[in-house]
């Protein structure tokens, strides 16, 4: 999983039927300094995250398991809201 | 999922039999400024998108679930047509 | 799926038994200008492509579905021979 | 699999229910000189690794197989603690 | 699949139980000039490759199919030893 910040939403009325009911959030991947890093993703949300939340997200096959329909064509899902990141080796 | 623009079509008469009947669209991935970013992809289309449509697309294993045959050797699928992108943290 | 050109073959006598009988082609991924882009791949071929053919190829899990044995450890497959690429938004 | 160093932990009280009970470690991918290379990942841990351990980690679909629940939406898992790396061709 | 050279071994006494018995080889991905390209990988070996062998390797989900246990958390496997690479379009 990787770390991202929720920065908005995407509205898509016409979509694959297995995506109906899924909230689509726009997330910005972050690096270890929690600075922006890489392109925006559109992710489904199974944990009710909101704008500015720091989250962990899952990519690829396993992301779909966070959808209402585990066979939904989904490749990115928010799977946790982060309380704390500890760098123990610094 | 990521954001792309539909920019054309690909015609392939000879193809894997499980791809028969699939429309193959040429899509250009976009970044958060909705500017071109990264290489073109050839995606199947389950939502009847057309040229210049802003779409969300799904990669990898789950893309095939948007095909007529879920066992088709497909790794990119258009899964929604975008009405609106909201950056709520700007 | 992405676009590539077939540029050669790879011979491997010793290979995983589920790859026996698979033709291994060397392909060069192309960008939207149909210029070389990215590293060579070794792909199986389910459509009898030959040198210099422009092809679409599939990566990852779904590529194996194009193999004789769908459980073959395969991650790249040629799944169509391209007749025509149309950029409709230019 | 790739090589990384464990550098910390991530605390996420709200998470997908199938991630409950999983320890989330922050890992830094390393290159062949065992120098930092690429962005941090958040991985589950099936081998009780600790800070500063050199580990091998697995990405994508197979990472979930290291989780308590093999259907957990997990895409990175620590799957071994490295004792020794031998470059035999140097 | 891609082309790599075997350059060493990785020893990990503590590992996921489904990795027990798997030989872990250190491989260096190569480009089309057969020069080093990209980061080292740790791959299982189903074809008894040795140091300096030129090999094809498989990534992601399908790599696990080359393991003793197809549910092993494995994402890279050596699946063939290369005898010959032919660039037919040069």
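Chains here go by letter, A, B, C, D and E, matching the order in which they are written, and residues are numbered from 1 within each.
Everything below uses one rule, namely that a contact is a pair of C-beta atoms (placed from the backbone, for glycine too) under 8 Å apart; a residue touches a chain by one contact, two chains touch by 3 or more.
The structure displayed is predicted, hence computed values, not measured ones.
J.: Supply the minimal count of touching-chain steps required to go from chain B to chain E.
T.: Contact-graph shortest path, chain B to chain E, evaluates to 2.
J.: Just the number, please: Cα centre separation of chain B and chain C in whole Å.
T.: Here chain B and chain C have centroids separated by 19 Å.
J.: I'd like to verify one number: the distance from the centre of chain A to the centre of chain E, where each centre is the average of its C-alpha atoms, in whole angstrom.
T.: About 31 Å, centre to centre.
J.: Residues of chain C that touch two or more other chains: which are they?
T.: 60-61, 63 - these are the residues of chain C that touch more than one other chain.
J.: If each chain is a node and each touching pair an edge, is that a line, ring, star, complete or other?
T.: Basically the chains close up into a ring.
J.: Let me make sure I follow the ring: beginning at chain A and going to chain B first, which chains come in turn?
T.: Traced from chain A through chain B, the chains around the ring are A, B, C, E, D.
J.: So in the complex, which bits of chain C are touching chain E?
T.: So the residues of chain C touching chain E come out as 5-16, 18-19, 24, 26, 28, 39-43, 51-52, 60-61, 63-64, 71-76.
J.: Would you mind writing out the residues of chain C in touch with chain B in their complex?
T.: 1-3, 29, 31-32, 37-38, 46-48, 56, 58-63, 65-66, 70, 77, 79-90
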